[in-house]
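Here chain A shows up in two complexes: once beside chain B, once beside chain C.
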Partner chain A sequence: MIGTRLRTLLASPGVTLAVAVVLGWLAIAVIWPLLVPYGPTAQQLGGRYAPPSAEHWLGTDNLGRDVLSRILAGSRSVLIVGLASTTLGVAVGTTLGLVAGFYRGRVDELLMRSLDLLMAFPIIVIASVILAMLGPSRLNLVLVIALMLAPYNARVVRSAVLSWRDRDFVAAARLRGESGAYILFRELLPNIMGTVNVEFTMRLALSIFAVATLSFLGFGIQPPTPDWGLMVSEGRPFYQIAPWVVVAPAAAIASLVVAINVVAQRLRAS
Partner chain B sequence: MSASAGVLRVEGLTVEYRVGGAAFPAVRDVSFSIGSGESMGLVGESGSGKTTLGMAILRYLPENGSIAQGSIFFDGTDLVPLGRRELSRIRGNRIAMVYQNPASALNPSLRAGEQIAEVYRAHLGLGRDAARERAEAMLDLVQIPDPHGAYDRYPHQFSGGQKQRIVIGMALAMDPSLLILDEPTTGLDVTVEAEIVELFTDLRARFDTAILFISHDIGLVATVCERVGVLYRGEMVETGATAATFQRPTNPYTRGLLSCRVPPGASKESRRLEPLPAGSRDPEPGACSFEPRCAFREPRCRQEHPALYDAGGGQRSRCFFHETVAEAGPPAVTDVATQPAAPSDGTLLEVRGLRKVFRSGGREVVAVEGADFTLAAGRILGVVGESGSGKTTLARVIAGLEVPDEGRVVLAGVDVTKPAHKRTVEARRALQMVFQHPDGTLNPSMRIGQILRRQMHMLSPDGGADAEQTLADILKAVQLDPEHLDVRPRQLSGGQQQRVAIARAFSTSPDLVVLDEPTSALDVSVQAAILNLLIDLQRRENASYLLISHDLAVVRYLADDILVMHRGRIVEHGPAADVFDSPQEEYTRKLLSAVTVHAGKLASAGPPARAQDTAGGPVRT
Partner chain C sequence: MARSADSGLLRYFLRRLAVMLGLLVLVSVLIFAMVEILPGDVGNLILGQYATAENVDLVRQQLGLDRPLAVRYLDWMGGFLTGDWGDSWRLGTPLAPLIGRRLYNSVVLAGVAFAFVIPVSITAGIVSALRRDRLTDRVINGISVVSITIPEFVSSMFLILFFSLLLPWFPSSAMVPEDAGPLTTLRYLALPVIAISPVLIGYIARTVRASMITELGADYTRTAYLKGLDPRTVITKHVLRNALLPAITVIANQIAWLVGGLVVIEAVFNYPGIGQLLLQAALVQDVPMLEAIVLILAAILMLSNLAADLLYTMLNPRVRAQATGGAT
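Right, the complex of A and B next:
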């Protein structure tokens, strides 16, 4: 079954490319220390703003650091924070969606209205406010992004549950005296895993975008750690003299987010 | 009637669906013709290709469907090579189709009368007033009360049966040369179905329309149609005049279909049902498609594909041995009838003053009101009534899926007026339920073994010791193989899924089994086997059944006692024979007479029983 799914996923060249890009970044995040030509934080004050060349494929930044090395190294933090926050957010959202969709009634009302409230604020605004209060750290970043993703995920899962809750096998489980948790996670969840997987992929793209944005705004990863969003922000003042310092990390963000979105679209279509 | 003129003549039609690169024929080399004023029925079980055939005639096939071969002559013109524009002119003006679901055929935001008047305006170019006049006349013709007032009402203000009448009115308004009806009464209550059938018979006399009537219901086709075609796996296996074909079937499949029906008026004490064996394998390529299930098979049937032979009496049969089949007559009635229910040894279920109200948006709907009855151990109680009569709610309250607003449910002396999860394990073990939809009753993400073992784990007091033995026993009882434990529900047929559901219910030796429409989603050939199984298990376990069904023949056959519900109330309750033979209430009489309308026709066409030993292979539905 996995085989068929993979085959449908790889049916079009665009999707194949997207899968390759995502897998490529994942691999780089793991093995970047073996790939980087220079230390990502190694400064070379004599060689600041060097344009792309044979020594520095993507040039150097305002402190003479190798941009390519920083981009390769930066993939790790963005993917770790992105994956962790998505996993947490989708886990929480899926649980809330299952509960709201299965129990309906007052529980559903209360949950969904609270989530509506959370969704009423622009994600980035509320995230930056919370991070400003909590202080920037990777853990806080993960928690905040997860909190922001969960309501959207909960809504989608809830509507998926609605189409299953009235099936007779759920009635059969109730007649057997199964607990609510058993019905939610054993009877219902496996049947909506397709939806959850698509959700996860789509939220992952959003989450990576959020990590980059928050770091760009200064609420996320702190210098001198190499991070894509931070690199864009750091390079911005020197954009006129060294555009590669901004363009390269921006392109990295775009490549990962777009590739994940393409995969998500394909998953949703199948 | 000028049948030779042939309003519709289908020749060698093959329709294929493409699935993942491979082509699957849904209709194979089908030929037939219908003359003006003639009505032809197409019967077959699910997957026989009857609906595809109906759609193909209008060239309304899904994206992946295409006509691979053959011609469809309509008034002498072949529709197959026609372009979209010419086709839509013919479709709109000359051919009309009525589908199963009337609600989707009507525009909910347009007045009912307008929708008919629109047909007159578009096709006859009539003015507003003239069109309205004609539309009201048509509403009257299809027997909608107060046509003038009805004209201005919206579709949702009509009942399901009335909506279907309006759709039929729209179809007839264009005075089509051909009317295709695809299961037009499926989903309607029996009383409504009877009225619609009556309407057809009435209208047929007034219009010169050729009718193609597609249905799974042999009885219905016998009532409405002069000629019939029987489809099996996309092939026409028998054609002929309806009365003759059903009286003297010359194809083993037709014969099987006729014999596995629940005979109207029969009870389980009078005779046992004859299920049509399910084939244990797929037919050989190039052989007879029915061979694996056939009682008349010979070695030749596995090697050659039979043609449609002339079987005499205007019948044609796709069988090498049509003469043998014709001579065999109907299958013998096996005398292994069940013993009447043992005199009851006490009350098992007691329902007192039950009332259930559903509230939504400030509106209250009383689903069940003042339900009072008892059910003795070891007896089968049939609950009948139309949709909305409260029979399913009654069952769900008793099972513990709903909590009543008033009243008590007492099971084996213990008050169980509470939701299932608050009942004792013993009460949950004692009461089991079998649901209507085989595909919804088993969790698609679980294997059959998991489903059954979980049931026993939760409800068997002695735990796991004998569980595997019990499992093996119950699988054998429902005629499934141990290999079935490892598959998922999707890999099973509807009949097999329902067997698993029955195994699940019986794995804990229940005292009471609530059966909610247990066979209504199944094909007739499967239904007989499931009903036999239910009877055997009931006798073996001495369980009581609460059987909910809209199919009165099934209820008559199974039940010892009958409870008739109407608008949430129990209107009649008594022994089955009394209720069916001498109903006391007006409503019961109306309900019962509705069934006999078309069941009677086939019963009278039914030949006398004749002894013949049927070699029917093992039943592995």
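Right, the complex of A and C next:
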């Protein structure tokens, strides 16, 4: 199954490129300490606002820090927070979706209506209010984004469960006297794993979107940690004299979210 | 018969309105509880970390924070309904006029955005449905997939770099001067509107495309063609009428996205709207202002969804019959 998946993914050059970009950023996030020419927080006050050159491929920022090193190092925080929040959000959402879709009735009604309420709000608005009160930290960021992703995921999983819950094998498991948890996770979940995987990829793109935006707004990763969203907001006041400080992280974010989304669209279509 | 259908529709509308008001009360409790329960002591927030315990207590008393939670909630809600929204902790000024002014600015920006987005996205959806799977369709689809995913602050920065720094066509800040005429105002709002549009255009265009394709394959469309009607008439008089209905719901759903996008766009372009005010309130933890803004936004979102549902019900005979219990 993985084999056919991979083959559909690599069928078109655009999707192959997208897969390469995602894997490339993942690899960089792991091994960046071996790649960076300079320390990502090392300041050289003599060399501020240096344009791209042979020594500094992407130039330096207002504190003389090497932009390329910060970009490479910044891939880690965005991917860690993105992957952690997506994993948590999809785990919670899938569980809620399984429960709602399998038990139906009042449980379903109550769960779905509360999730509707949560989804009626713009993600960024709730996230900034909660983070403003909790204080920005990596853990809070993960929790808030997971909370925002779970309802969307729950809704999709629920409708996938609906087409499986009345099958004979579920009835058989019930008659055998299996517990509800067993039926949910051992009988139903394996059948909807395809949906869950596609969901994970789509939510990952959304989650990275949210991490970058919240960091840009000042509610996410805090300085001096190298982070793409933060780099755009730090570079913004002097974009006129040093546009590269803004262009590089903006392009990095765009490349990652677009690539993940292309992969997700492809997975969904197959 | 028409009369009974109308009264059925009215009853449906009133029922929905009642549900909405109930939900809004629930949301207000949630907002209040969320902001009040989350950590951070108010006295210290206002006076700073090194304030003495007596001074902190004094501030809490002045703000009435020593009263029970339920009393404070009722007081807050009562004030809200009578137009007294309380004072900002940071600015010390009444909230209602400030929020009203900022809300007005945001509505102007959102209005211009919608005036741009709706015709563009509907045209794009129609064109890509009619040229299905051909190059135009693929290009439109590609653009919408890509543009949906890029965070607004990223596309805004690129817009500023291209159309403000490289080509000095538009101002990089949307702070419209006081005495600006409509044309100057539009020039200031151009970049924010272009930055916020792609996501909205992408979603609406894809919905229109999908429903156009369904309607183009429907039996009545074939009948109309076989009757020998001019293809243009078939499209405009038959297909479009049905295909545009789902767009209403999507457009209403996009209002939530639009509000979220406005928060970011207003921050990037220094636009004095309600989104920027929300961010400022959140960054300095101005609790009364946060509560008021979030409640107002919730009310606006719910009202716009209700309005869209109502419009959809009125325009669609099938749903109308269902909603009014088959009164037609």
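Going forward, the second predicted complex is superposed on the first by the 270 of 270 C-alpha atoms of A that agree within 3 Å, B and C clash if a C-alpha of one lies under 4 Å from a C-alpha of the other, contacts with A are read in each partner's own complex, and residues count from 1 in each chain.
Assume contacts are C-beta pairs under 8 Å (C-beta built on N, C-alpha and C of every residue); 3 or more make two chains touch, one makes a residue touch a chain.
All figures in this text were calculated on a predicted structure; none of them were measured in a lab.
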item: When chain B and chain C are modelled together on chain A, clash or fit; value: fit
item: Which superposed partner A:S128 touches (first chain B, second chain C, both, neither); value: second
item: Partner chain(s) touched by A:A160 [first = chain B, second = chain C, both, neither]; value: neither
item: Superposed arrangement, angle subtended at the Cα centre of chain A by chain B and chain C, nearest 10 degrees; value: 90
item: First (chain B), second (chain C), both or neither touched by A:Q265; value: second
item: Partner chain(s) touched by A:G218 [first = chain B, second = chain C, both, neither]; value: second
item: Of chain C and chain B, partner touching more chain A residues; value: C
item: Which superposed partner A:E187 touches (first chain B, second chain C, both, neither); value: first
item: Superposed arrangement (fit on chain A Cα atoms) - minimum chain B/chain C Cα distance in Å; value: 8
item: Where chain A meets both chain C and chain B, residue numbers; value: none
item: Residues on chain A engaged by chain B in the complex (per definition of touch); value: 167-169, 171-172, 174-179, 187, 190-191
item: Chain C to chain A touching residues, read off their complex; value: 23, 26-27, 34-35, 38-40, 145-146, 148-154, 157-158, 160-161, 165, 256-257, 259-261, 263-264, 267-268, 278-279, 281-283, 285, 290, 294, 297-298, 301-302, 305
item: Residues on chain A engaged by chain C in the complex (per definition of touch); value: 117, 120-125, 128-135, 205, 209, 212-213, 216-219, 229, 232-233, 236, 239-240, 243, 246-247, 250, 253-254, 257-258, 260-262, 265
item: Of all residues in chain B, those that touch chain A in their complex; value: 399-401, 419-421, 423, 425, 428, 431-433, 435-437, 440-446, 454-455, 458-459, 501, 504
